[in-house]
Every structure is written in structure tokens, then in C-alpha cells.
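The data blocks that follow each hold one structure.
Each of the two complexes below includes subunit A, the first together with subunit B, the second together with subunit C.
Take a look at the complex of A and B:
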């Protein structure tokens, strides 16, 4: 029973990280239609920013710095790579994003080396409830992700900027017709999404350490979450992310550690076969 | 860029830069063991051939059928493991195991197609990538059969046929070259067949093709199966080339690297695929002083090629060749104003 509760807590923390990246993807992939496969690698770089600056300026300021730095990186990437590929084929953009993954990972490897780097948590120590240990930092992760989710939900629902973003998401052409500068909106959304990826990496670094390959499973899982949820809502993405986190954590404990990645993939395939539009998706586009 | 060189009149007929380059490459490939001897360089060249076979297969799915086959590395890996397992665990000779590898990969391609082809665009990409990852996970974990992370070995070289033995590096290289030409022939005939025509019509305008009665999903499924089978064929040779197999042949980035190589070299062209394969094999060797730099270089090269030369290195070289040809013709006072069909069309 304690094991179950412990693993469920771990699953929710894991799900929160996946959820934050999935929210980035809902913005970048869902609104801009850019399969930003390098988000996980950008999160990884965010972890290194916290590793570098954390001891000097403290965790929270370094977390902010990670958001700014990775947001800026997103701006550069959008300007140099994705904006020029606006009219390119789906595959081309996908493979270009994979090229970015290689560049980021390779640079991290060249600069920091392959060894994982320890990053101190925001608050040390852990909460003990009925034999279940939850590090305070893990609670911080869950709380920050929920706060980001609520803030974004409010922005998207109730502000002018949010309406503009949703308009572009529904139809770029339609948005252009009513006078929305879609290029500038895309730029802003890319910066926002990238900054959130930096946040995810900075949050994750204390529990998983900073290392060059840290982003790979993040990316895959964020895409799995998006497919599970179906495109469209950040709420659906967050719920699906909790499901993936729980499936991974419980599967690794009760079934087999070797296959921890496989459970969420199987879940995704089943959903794809039964309901291609995803758990919470509305429409599905076919070939 | 149309698939086949447009028919031309006069002297140039059949002797475009593509034809000349292909023949030169073929001649160089045949003579390579004589020039290079049988050392490290021939070994690298053998690896280029195996990768070229795989890229030819990948190009069917990617270049011809327009499928973002990032999961295609799985077929190469499955082919490698099927031959490896049959040879090591059951003692099968290569020539018996290879057809099995082809069949297994064709079946895997069919399964993957049935699952993923219903999905559009990005969803296809992610689903096929996830399937490829799943295959890798299963192979790593199924230790009794595959040896798991410890690997599987040793896979012997193919047995000799009659008086010819394939033990010597040069003989094995020529065998690989023959296999590569065979894959090329299969791809070429497929492109020339009416399946190729249907694929072209789907690429140019899927809706029109569908309205004219082309079954898009079925055509793509057929090509995916053939492509997977050819990838399995390449995998069989990779198995005996490596001798010792580890799950790294099924890593999810194999498919990505292959797609990158194909895009950098130039899709829908055999020469482009060979350039891509050479790039893929030689870059890590050239950047040996820092193994971390080679992915950075790959990534940069890829992004630059995608941005500046969407038709790849070979596409640019070909355009350069055409430009030179037009200029020389104009200088000779020929009909300079003549535009060749399909000359300046860029990729969609």
C-alpha cells in the first residue's frame, strides 16, 4: 500500500514534467503546426543553465534565467530555421527539428561532457505522510506546473493575446484575413513555448541531474501525451500527461523496469487504433 | 525535379551529368578493392554500400511514397537480428537466413503500415517512431533470444557459392556491390512500373490522384512493404558485416540518421543516396578527434542543406551541371533559348 502510494506520487511528479512539455507542444505543435522535436533537448539545456547559475544566484533566479535563455534560443531557432521552412513539407520540418536535437545534444556533450551533473533542489528535505516520502522539490514541481497551467488557461481563454493565439491555431489563413500578424504571433508563441521548456528542464534537473541525453525520453513522452490527449486543449494534455506518468511509474514497479518506456507507447497505440483523434480530441484529419 | 531524366534530343541523349556520374561511380566502385587493397578503407566502403542499400529502400518510402519513415531503422535492425539469431542460435547459413529476414521485415512493414497509414502527417511520424522504439525495447529485453545488451555473435560471412568464397574482404565487398546493384534494380523497376506512376501522381496531387481512382493507402502500403523487405535485405548483410550485433542497431536514431543522410545526399536519386551513405559513414571517421562533434556537424549540415538546398547535395550538383550545359550550348551559338522540360522546378 505504501509502495503504491509512493509510486503514484512519483507518477504524478513525472506526469507534471511531461505535462509541462506537452503544454509547450500544444502551443508550438498545435498552434503553429511545427513538430518541435528539439523541445526535450532545449529542456535539457535549461537544466544546465540552472546547474551553472544556481550556486551563484540561487535556484529560483537561475530557473528564471533558464526560461529567458531557452526562450531566446527559441527565438533564434524560429528566426533561422522554422520561419524559413514555413512552406516546407511536414517531414522536412520534422527532420530539421531532429537536426537541432543533434546540435544541442552535441554541444552539451562538448561543453559539459557526458557525466551527469548534480543540481541542488529548490527546497531540501522531504514531506512524510503515512510512510510516503515526497521531496519538497517534487511538490514544488507539481505546484509550479499547475500554476503555469492555470495562468496559461486564463491567458488563452480571457485575454486578447489568447484569442489571437487561438485564432492562429484554428486557421492561419483566417487569422491573416482578419488582420492578425501571424508571423509575429508565431514568433511570440515559439518564445513562450521554448521558455516553458526551459522551465521544465530547470524543474527536472534537481531530481534527474543535468546530462546531455536527458531530453530524449522527455520529447518522446511529450509527443505520446499529445497523441493520447488529442490536439487542442492544454487541460487534456495535462490529464493525459498524468496518465502517462502513472502508467510509467506503476508499470516500472509492478511489471518490469526494462519496459518502462513501452507501457506508454502501447497505451498510445491502443488509443490510436481505437480512437485516432485521441482521448480528448475533437476532429481528426485523414490523409 | 521529375523522377526520370526527361527525354532529350540530339547529342545529349542519355548522357546527362547524372548518367556520366553514375557510370563513373560504378566503375570506381568495381575497381575500389584493386586500388585500396583490403584494409580499413575497403571496410569503410563496404559499410557505405550497406548503408546505400538501406537508403535506396528508405527512398522508396520517403522520396517515392512521401512517407516520413523515421521508424525505418527498425526494419534494418530487424533484418540484422533475424539473420543474427538464425545464424548464432540455430546455425542457419546466411543464404537460408536472408530470405527469412526479408519475409519477417515485409510482415513487419505490413503491420506497421496497417497501424500507421491511417494517420495523417505528423501522427504517422510519431506513431512509426514509437513502434520503432518499441521494437528496440523488446529486442534489448528479450535476452534469451537476442543476448540483450550483451549482444549476439558471431555471425559468419556468407558461405561461398561454388568455387567463389566470400571470406576475403575484397570478395565480400564485391558481393555487397552486387547486392547493392540488385536493390537498385528493384527500386528502378518499381519506379518505372505503374506503381511508380501512381506514386508520382499521389505526390504531385493526392486529391486528383484519388479522384482518378488511385488507392492512396493501398499503394503506399505496397511500397512500404517492399521498402521494409529491402531494408531487411540490407540488414541481413549488415548482420554478417558486423559479425557481432548489439541493440544499438535498433536505436531510434538509426532511422533519423538515415533520413538525414538521404536528405543531405538528395532524395529520389540513386547517386544522392550513395552520397548520403558516404556522408553518413565518413563524417564520424573524419571527425574522429572528437566523437561529440560529429552529431553537431551532422545537425548543422542537415539544417543548412534543408534551408539552402531542399533537393540535397546531388540536386544542387545536377542543377549546376545543367547550368554549365546550357551555358556551353549558348556559347556554341546553339538554340540557347530552349528550356528543358522540368528544368527549373523546385521540390514541393
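Take a look at the complex of A and C:
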């Protein structure tokens, strides 16, 4: 029972991290139609920002700095890479996003080297309840991710800016017809998604430590999450992320650890077979 | 729906070009040179294949520093008897890329010897390093796995411990140390890195530890390469209440120790030779691993030879040397001195001289190796370092 509870706690934390990056992907893919593979690598760079600034300005300020820095990087990426490619073939955008991963990882490797760098947690120590240990920092992660999710939901549903983003996400042409500056909206969404990736990296760094490949498994799992959830649903992405986190954590304990990373892929394949639009995706009919 | 536009295409082409150039720069840089005939020093074309990017980058970069130090020393020596012409190639930890590297070094750079930093680079080379048509080259590789020397390849040498060969003595040394210093180690949990090297260490540690008696038990948890959150595996392992957690992947030590501490584990760790206590102390506080034991190569022991070499390394790189640095250094030195002894850069002649060269008690032999089996396995004895406090690391000789 204790083991089950501990693994469920582990799974929820894993799901929170996957969920935050999946939300970024949903936002960017939904509005810009770009499979931003580099978000994991940008999250990794966010971890390095916290590593560099944390000892000087403290964890929380460095986390904000990571959001600002990676948000700015997102702006640069959008202006220099994705905006010029907006009319290019899908495969070109795909390769560009993949190229960014190589560039960011190469930069991190050249600047910081391959050794993992220690990042102290927001709060040291662990909470112990009935033999279940949960590091305070992991609780912080769950709390921050839920707060970000609720804030995003509020912005998207209750503000003019949110309605504009949703309009562009539903139809770029339609949005243009009613006078929405879609280019500026896309630019803002890329900045927002990138800043949240920086947040994810900064939150994860005290667990994984800052290292060049820290974003790889994040990216893969975030894509599994949005495919499992179905495109276009931020709430669905978060729920699917928790499912993936729990499946990974419990599968490693009660099935076989040799295939721990395959369970979520298997689940995704089953869901796609039964419901191709994903767990929370809407069925699309073509005329 | 996107429609290609000429301007977009031009920019896309420029971007792709930039990516390709960058990938080429990161992926493979060579400094090949043509052979010169003459009566001066032997000109030895040496390939260095390592993973300076990817998940094994820490191994590769450490190995390369050691190899470069040896190359510089050999080439700058007064009355140098050998001149090394190195060609470097980054495998990125990908065996397929290692094959590409090997074939390029073989055909373009005409190397007759290659040093390789991990199993991922060394083992794939054995499928073509004995080809007379393509060009033979001797492979000196770093690998824990038995596969490197079990294929009867006549041109291979393992320049590091083979898990099946050193772990019987190592587990006995650990048990002896545990009894003498009342460490109370019986129940062991292994964090098994799901790679050839990780499996070799885990399997052989378990076999030898359980052979010590019925009270000596082992449980294990497997994680995939690239894992950053080890909590699911550690939770399973800690449920068995181990006295010691064996870490099978040096670079993952810091994250594993930190996460196990978060889960309430207060026991000891066993850290493989690739990670020294001083190196780990730059990543996490020493207090997190007090009481832990580290495999320790001869190059890390306090012998005059090793100390002198470590000082020279630190002077060159401003870093404390570890086992992979010494392996890179020793591999190159072994090849060079075998070539000198053979008075030839022919791969077969170099390999034939290696057993004799290793019996010479030379300053370059910092690994303390003294015999080479026909299979290509060097005989190695590791020691242990017990971290007793933040400033007391006790070396325990084999």
C-alpha cells in the first residue's frame, strides 16, 4: 500500500512536468501549426538559467528569469526561423524545429560541458505522510503547474486576449477576416509557450539537474501526451499527462521496468485505435 | 495548408544549410594527414572515436582529454620516436555513427590504430577492422561488456576493467572493507542502466555478491538511457531496504543520490570507476554521499607515478583527473609504445608487441597494467575509496 501510494505520488509529479510542456505544445501547435520539438531543449536551457542565477538571486527570481530568457529566445526563434517559414512545406518546418534541438543542445554542451550541474530545490527536505516521502520541491511543481493551468484557462476563456488566441487557433483565415492581427498573435503565443517551457525546465532542474539532454525525454513524453489527449484541449493535455505519469510510474513497479517507457506509447496506440481523435479531441469530419 | 514561396524556400534552404554545417561541425571533425616516408620518427595515423555529444558525452569528453594529453606529450617529446597524426570523430553515442567514423578513418585517414571511448564505439568496429582489403587497424577500446573480447578478434584490446574479470575481487574487497569498518553491507540494490555496460556491471555484481553467502542479497531496478527522474525505480528498490545502492552509470550518480535522499534513503552508494568522489563533489554536496564507496583505478591511487600524472593533468586542464581521463591517456600511450617497440605502424605488428610493452614498468603505464591475455583483456585490479567524511577519503588498496 505504501509502495502504491509512493508510486502514485511519483506519477503525479512526472505527469505535472509532462503536462506543463504538453500545454506549451498545444498552445503553439494550436495557433501556429508548428510541431515545436525544440521546446524540450528550451526547457533544458531554462534549467541552466536557474543553475546560473539561482545562487545569486535565489530560486524563485531565477525561475522568473528563466521564463523571461526563454520567452525572449522564443521571440528570436519565431522571428528568425518560424515566421520566415510560415508558407514553407510542413517538412521544412519539421526539420527546422529539429535543427533547433541540435543547436540548443550543442550550445549547452559547448558552454557548460556534459557534466550534470547541481540546481538546489526551491525548498529543501521532504514531506513524510504514512511512510510516503514527497520532496517539498515536487509538491511545489504540482502546485505551480496547476496554478499555471488555471491561469491559462482563465485567460483563454475570460479575457479578450484569450478569445483572440482561440479565434486564431480555430481559423487563421477567419481571424484575419475579422481583423485580428494573426502574425502578432502567433508571435505572442510563441513567447508565452517558450516562457512556460523555461518554467518547466527551471522546475525540473533541481530533480534532473541541468544537463544538455535533460529535455529529450520531456519532449517525447509531451508529444505522447498531446496525441493521447487529442489536439486542442489544454485541460485534456493535463489529464493525459497525469495518466502518462501514473502509467509510467506504476508500470515500472507492477509490470516490468525493462519496458517502463513503452507503457505510455502502448497506451497511446490503443487509444488511437479505439478513438483516433484522442481521449479529449473532437471528431473532425471532412466534406 | 501551406504554399511554398520562393522567398520562404530560399530562407529554408539557407537554414537547412546552416543546420547541416553545424551538424557536420558537431558530428565529425578530423585532422587527417598523409603519411610521409623518411627516416625520422614513425608516423602513426591514429583514430580517436568518442562520444563527445549525446548521453555518453561525459565519458567521451573525459576520454578525449586524456587522449589529447598523451598525443601532445608524445609529439612534443625530445627525440620523439613516434609522431601521432590523430583523426577525431564524434560518434554521438550512436553505434551506427561509430561505424561511419571507423570506415572514414580506415579509408580516408588510413589509420592503423583506433582508440574508442565506450562499447558503443569499440564493438561495432570489430566487424571490419581486420579487413586486409580496406585496411587493418588495431582497436583499443573502453568497455565493461564481455562482447569486446569474446569474438576472437586478433586486433582488439580492452583498456579498462572487464566486469566479469574485476568484480569477483572487487565484491570480496567490498565485503572485507564492510566487515573491517563495520559498514554492515549485506542487502544490495542495483540501479541498472539499460545498456550493455550497465547490464554487465549489474549482472556480474549480483552474481559475485550473492556468491558470498545466503545473507548477501541483491535486488535491482532497471532504467532506460536518458532517464532524468529515477523515482519510480528508486521507490521499487527502497522497498527492499538496501544497505547499499549500486549505481551502474557514473554520470547519473548525482541525480540518483539526490533523488534517493529525497525519498528518505540514508544508506550508502557504490559508484563505478568513471565517477571519482572529487568529481561528484562538484555536482552535489559531499554530505549526500558520506559512507559511500567508489571503485578506484590504479591511476587514482596515491603512488608517485599516478600522483605525478594527475598533477600534470590538472596543470593542463585545471580539472581533477578521473578513470576515463587516464584510460584515454593510457590507450594512446600503449599504442604508441607498441609501435615504437615494433618499429612499425602496421596494425598486426603493433598488436603483437602490446603484451611485451605492458610488462615494462614505464611511467606512462598509469593504469598499472602488467599483463594482456590473448583475448585482448588487460588484467586490472581496482581499489576502493571510502568517503568517511567531507575531507577524509580513504583509499583501500586491492
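Going forward, the second predicted complex is superposed on the first by the 283 of 287 C-alpha atoms of A that agree within 3 Å, B and C clash if a C-alpha of one lies under 4 Å from a C-alpha of the other, contacts with A are read in each partner's own complex, and residues count from 1 in each chain.
Just so it is clear, a contact is a pair of C-beta atoms (placed from the backbone, for glycine too) under 8 Å apart; a residue touches a chain by one contact, two chains touch by 3 or more.
Please read all numbers here as calculations on a predicted model, not as lab measurements.
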Exercise for review: Please tell me, clash or fit, for subunit B and subunit C sharing subunit A in the overlay.
Suggested key: clash
Exercise for review: Would you check which partner chain A:133 touches, where first means subunit B only, second means subunit C only, and both and neither mean what they say?
Suggested key: second
Check your understanding: So, does A:276 touch the first partner subunit B, the second partner subunit C, both, or neither?
Key -> first
Review point. Of the partners subunit B and subunit C, which touch A:101 in the superposed model: first, second, both, neither?
Key: first
Exercise for review: Could you tell me if A:81 is touching subunit B, subunit C, both of them or neither one (first, second, both, neither)?
Suggested key: both
Exercise for review: Check the residue A:209 against both partner chains and state whether it touches subunit B (first), subunit C (second), both, or neither.
Suggested key: second
Practice item. Decide which partner touches more residues of subunit A, taking subunit B and subunit C as the two options. Key: C
**Study point:** subunit C collision site on subunit B, chosen from 41-49, 59-67 or 95-103, when both complexes are overlaid on chain A
**Key:** 41-49
Point to revise | Contacts on subunit A seen with subunit B and repeated with subunit C across the two complexes | key: 81, 84-85, 88-90, 92, 95-96, 99, 102-103, 105-106, 109, 258, 261
Point to revise | Residues of subunit A defined as touching subunit B within the complex | key: 29, 35, 81, 84-85, 88-92, 94-96, 98-103, 105-107, 109-110, 220, 223-224, 227, 256, 258-259, 261-262, 265-266, 268-269, 272-273, 276, 284-287
Practice item. Report the residues of subunit C in contact with subunit A in the complex, numbered from low to high. Key: 2-5, 7-9, 11-12, 15-16, 18-19, 22-23, 26, 52-55, 57-58, 60-61, 194, 221-224, 226-229, 231-233, 235-236, 239, 251, 254-255, 258-259, 262-264, 279, 282-284
Practice item. Give every residue of subunit A touching subunit C within the complex, in rising order. Key: 2-3, 6-7, 10-11, 13-14, 17, 81, 84-90, 92-93, 95-96, 99, 102-103, 105-106, 109, 113-118, 126, 128, 133, 135, 137-138, 204, 207-209, 212-214, 216-218, 248-249, 252-253, 257-258, 260-261
Review point. Where on subunit B does subunit A make contact in their complex?
Key: 62, 66, 68, 70, 115, 117-123, 125-127, 129-131, 133-134, 137-138, 140-141, 206, 216-217, 252, 256, 259-260, 263, 290, 292-300, 302-303, 306-307, 310, 348
